[in-house]
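Each of the two complexes below includes chain A, the first together with chain B, the second together with chain C.
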Partner chain A sequence: MGLEQFKNRNVGQQKYVKLELGQTPETPMGKFSQVLRRTFKPELIIGLWVTMREMINALFKGQMHTVKYPFEKLPISPRYRAIHEMLRLLESGHYRCIGCGLCEKICISNCITMDTRYDENQRKEVSEYTINFGRCIFCGYCAEVCPELAIVHGPRYENASEQRASFSLFEDMLTPIDKLNLQQEYDGFGAVSPNADENIKKTPLAY
Partner chain B sequence: MSEVKTVENMVTITIDGKTYHAKEGEYILNAARANDVFIPAICYLTRCSPTLACRLCLVEADGKQVYACNAKVKEGMEITVDTPNILAERRAIMEVYDVNHPLQCGVCDKSGECELQNYTLELAVDSQTYAIPDTKREVKNWSSVLHYDAGLCIVCERCTTVCKDMIGDAAISTTKRGGESLDKAYKETMPKDAYAMWNKLQKSIIAPSNGTDFTDCSDCGECTAVCPVGALTGRDFVYTSNAWELERVPATCAHCSSGCQIYYEKKHTSVSDRSEKIYRVTNEWNYVSLCGAGRYGYDFENRVEGKDEAAFNAAVEALKKAETIRFNSVITNEEALMLQTLKEKLGVKLVNPDARAFQKFLASYSKAAGQSLYSYDFKQVMATDFVISVGAALRNDNPNARYAFNNVQKMNKGAGLYFHPVGDNLVPTFGKNIEVFTHKVGLEEAALYLVLDLFADKEKLPEDVKSYLESFKTTTTKTVKEKVMKDVTETVIDEETGEEKEVTKKVPEMVEKEVTVEKNGLVELLGKESDAFDAEFEKMMKKKERFSMIVGEDLYFHNRAENIAKLIALIEQTTPVRVAMIPPKTNSLGVALICDLDDEVTGYTVGYNENGDFRLSALGDGDLDMPAMNQQEGTLTNMHKRVTPTNAALEYKGYELNDLMKVLVGAPELTVDWTRSLPVEKGFQSAVFDDLPNGYFNDGTENRGYALNNIACDTEAFSVEPIDEKSLLEGEIVYRCNPQRQFNDFSNKAHEIFEAFGLYASPAKAEALGERVEIDFGDRSIVVDVIEDDRMEGDITSLADFKSEEDVYGLFGKSRYRKVTIRKV
Partner chain C sequence: MEVVTYTNVETFVQHLPEVTAAGVWIKAIIILAVISAVAGFGTYLERKVLAFMQRRLGPMHVGPYGLLQIIADGIKLFTKEDIVPQNANRLIFMLAPAITAATAFIALAAVPVFPNFTIPQWVPVLGGTFVPSIAADLNIGILFVLGMMAAGLYGPLLAGMAQANKWGIIGAARTAVQFLSYEVVTGLSILAPIMLVGSLSFVDFNAAQAGGISHWLIWQQPVAFILFLIAGFAETNRTPFDLLEHEAEVVSGYATEYSGMRWGMFFIGEYANMITISIIAAVVFLGGYSEEGIGWLTIILKVGFFFFLMLWIRAAWPHVRPDQLMWLCWKVLMPIAVINVVITGIVMMV
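This part shows the complex of A and B:
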């Protein structure tokens, strides 16, 4: 199922059929005859047939209605908060993080730590960056506060691990440089609102 | 501070309808700040002259627009902080400051402590109306510690102001930026002050004032402290930490006797190393100025793994059999009291050469002056308008004494006399009215007699002193040529009428004249022309009301110290000059007051941060480790006669002196429990350590610890002796003096202090000496590198004493000057 379908699962637009349930018998004789009728009618077989029909449809006619997790996964909302990703600038391929430390500051479970330094290009370089996922509560504050949309929540929600705490380093979360073209822009919590341009006053420029 | 709180010199002013009291003659801005009223201002620094660079402090006083930093309060003045016009000016000024300011707040080292950011928000600048093409501005490293990002600079000139008015180096100044000129149309459309401010801003940028890319200064880093934006930072700190991550530990700087208020700012070392580390030192820069050692010499901590029990037991044994404990003054009052207790209980000798000399000097002074301590502190010196310095290498001995000397010249239109044998070319640049006496070594008494002669009320002087002073005066007759206007009468015939007329004209004529000139032999003895000095001195004395004298270490280590101390007492009794003394090392004053010190080291010696048979050391090289000053709590007695608290910035896992005390003689639980027991009879208070404050009030009043009581004591009748010509030294002389940012082993351990141990010499002398020399003191000699100091002048060289292992104190003995033989190696 694609994201479009997923979003358009609006049950209200489908056709409903009202079941003919008949009258509830009132006399003792009527009740008795209903019991007899229901007992000897082959509804059990009808039910089994429905199951059989659906199985055949699913297996051989490609009309499967369930998701084959873990081989198949449902798309999740961009607002879902799973394991973090570090994004790169699309043009230069340089990582977006400027080392401002706001994520470290805002983190309510104190699981982000970073070291920065003055590099050879007179820029602030992030020399170390780590998130302790054993402590992270996936609140999304880091992604919301990030001024560069550098740290975002990705869709990787399977974070069961053999150890209680697992640390992640900057490189682990960073978009691999060879997969830069596959990097998705983040739409989730903290992303720029669609009408952001209307909300800012433009600064005059003399050049 | 007490005399200004009197009712007479307070005036009543009204700010925004509310009545306040302010000191007479104070700037409106300072008066408002003292009363907790907020007036926006960026460029003003409390103890420096107003620069009028930002113009934000515009207020309306009695209906006229004035700059609050530059206008003084008057009785009954009515001040309005905000008027519609002023608000428009301020908003335009902040918009201008934001023009082309790089939007790199995310990485900027100011990290939210930015005044530009604060005022932009305060004045609600949410849009920009002005624009100008940007100029390329380079990032530069001015020195081994200073980092300047011109792009972020808003040219508020606070750095240049503090460097000139407080520090005295004047190492940086505004220079041409080469920016485009403003669009003419702005002149009509913009508020007036905002336009003027922008016009100036667009033309200037900060650069080293010597025209090179590097500053020639003492690397105090005060410019980085006052910078309101992230333009000026310490090189080592750039991009290493955000301000909010750092935990501030209020403390007292432990390098010199100034005992400045500082904050150690610490956080974990890195992602993988969670042990804490000090990242930088900051200060309340409006009220206190640090030196390079205080600001950059912070990482001298002694990291130990844990308690070394074997070493501890050895230390207990060593102290039990010790005959002498040798220590220096980088020690808290509490520790000094512990050592004194050991002396009382175990009978050990306490030897500390710097504090001993000062203790003797202070004792001689108190006996003559009738008070336990000197009269002035250095805050009071700063408030005077005539300052004299005797026996202190002002540039090297104590930064805050030098700042006070300089500040008097700059802020109080002051004058100064500087007596010192070692030539210095920085001191004369502090002001126009400074006379520098580079006298011969040993003539400090003559300097004091000259002060007596110049300032004393002759009626009060004892007869013998009066006649002694007179004996230096000689009168000679001198022929001087003088221009005299002479009346010449001529008879002139009027051309039109033909009448004869008598016309009187004035014609200049040179006349030789005999004048009697009084020559002062003292001035000549100290190496200056008597006539020239007299004329100069008369100029210096104009409009001077308050006089102070700074007295330094040379006098304590003088073979005539006792007579000198008496002379100083006599100066205080007979002249309006008040004296402030510079204790030689960090806590020399505290040690001198608390401990009974001995002169000679005998027998088995335990050294505390000093040489000895058994060494307790905070330097990490001793037999038992001790906590360094940034790892322990306690109090220090500084030269402002104040007992100030210091706190532990970093964890210390080993044993401290109090643990030894517990085993040896019994002691309270904590080191700071001793604070209560400091000797009240010496001027200390029985105060609880945790109750001691460490800060400043808004009006600049120091609220740190407590002031020592200056206890009146019995005076003895005393007489001063004449100058002892025998103490005069001539020939090859070495002076015991540290380079500017070095004070002790601890400053030397810090990684941002680069001044090396060696023999400092003026450029000419350094060239003559070569690279490495052997200095022969007679009984011993030392081989050292020669280091050029371009601020020094003359032939006297300075040997640093900050390395205790070199035992420079031992080499020099009881004097700061020694006649030596220097050989090239």
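This part shows the complex of A and C:
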């Protein structure tokens, strides 16, 4: 479906249809004929046909709507802010975080705890990094402030876990080294979803 | 309209072997076992059909295509704690579901379920026993079945009043309203075909319509058929007349406080009633069964169609209010039924 008709905002050029609601009958004869008309209107049969049609559509035309959730998942918007991920450099595989501490500083619920030290090459390395997801409000400030695109929000929205710690340590959030080639770059906060065009709907302004 | 008199009824039934007590016992056990199983399967069908009509999948994960869901539900129902609320009338509360289930199965005693057959000789003890298609072929079969199904309404009525719950009380009141409304229509609507056939026995009805689709009573009595169908929906508490347990208004009506197997008995009773009404409609209006060939397949198809119709209508139509039900039954359906009976009588006389 093209988007042209949605983009036509010139009010007054659309086709308005006035509903024929008829008159409320005044006379007994009029009321009687209305009862007759309504009785023999095939509305109930039409209702039956509608449900039957949906059943045929679902069974034979592949229009079943069920998503078998734990086995199938709908794509989520790239703007979605779920459990954080720490990304790695694609070339070296080293983690991107430079230990600048900006995320810890900006976090409005004070849930990032980190510590750094100098390694043997006098490079700063992250010795400890945890996010307390019991406090995190998923505001996204940490990902926004990170100068290295090191901490980002991932697509993992299933937060149920036996232990809170199981996804809050640095190693848990870090891209596994063997999955480096699968690492998704984060589009950032202004990103539109890949199917954004399909999601455009008429707003009331267009009527 | 040509009025047919049926004189060959005796010739139709005479060649059947003698019905023994053992045969009736076996039949009763078969009915109990098969109809309970079918009622359980009916819940699965209902969930599946409703799901398809809403473009969902329905139960999928227990067994192939969710077929074993019934067993899972059964285990759940059986192992649930049997709770009796504090201020409830214990005895009546515990008895009421049994009334619903028992009357539903008693009603099935007088309707034809499955063909006649004789147990083969090689079976020990029971070999050679003739098992009739109707456990009790009463000469007032239709009255008996309708009476039993009407008595079944005591289940919801007593359950609602015994459970010390306001939703239950409302459900019970609605039971009374519903009972008073549709029962007249059921009786009057089925009176016209009874006048035509001149008998209250299902076997006679079946014999009267033997001889192809053109002999079916639905062509002579279309109005009675529709009225009976409407009343049948009310009788089995199906949408659009399921105001006894309409979740959106009265939580679960008469079944609010029930859980576990007692609730399951209400459910089995309701599904058994659906099957009974389907069988009555098939036998009285749609030609019933025939003994030879694939005759029994046809009635299974007819019953299946009515069963599907009930699910279909549940998916499609909204509920009515109790006052609308009373209005419909007393001011619309009953006059039509009376007029139908009178016209049938006049046509028969002329």
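Following the convention adopted for this analysis, the second predicted complex is superposed on the first by the 139 of 207 C-alpha atoms of A that agree within 3 Å, B and C clash if a C-alpha of one lies under 4 Å from a C-alpha of the other, contacts with A are read in each partner's own complex, and residues count from 1 in each chain.
Throughout what follows, a residue touches a chain if its C-beta (ideal position, glycine included) is under 8 Å from a C-beta of that chain, and two chains touch if they have at least 3 such contacts.
Not measured: the values here are computed from a predicted model.
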| item | value |
| --- | --- |
| Which of chain B and chain C A:Leu89 touches, first, second, both or neither | neither |
| Partner chain in contact with A:Ile108 - chain B first, chain C second, else both or neither | neither |
| Residue contacts with chain A in the superposition, chain B compared against chain C | B |
| Which superposed partner A:Ile177 touches (first chain B, second chain C, both, neither) | neither |
| First (chain B), second (chain C), both or neither touched by A:Val192 | neither |
| First, second, both or neither for A:Thr116, with chain B first and chain C second | first |
| Overlap of chain C and chain B interfaces on chain A (superposed complexes) | none |
| Chain A to chain C touching residues, read off their complex | 44, 47-48, 50-52, 54-55, 57-59, 63-66, 68 |
| In the complex with chain B, residue positions of chain A that touch it | 98-102, 104-105, 113-118, 122-125, 128-130, 147-148, 201, 203-207 |
| Residues of chain C defined as touching chain A within the complex | 49, 52-57, 60, 312-313, 315-317 |
| Interfacial residue positions of chain B with respect to chain A in the complex | 106-107, 111, 126-134, 139, 238-242, 244-245, 270-272 |
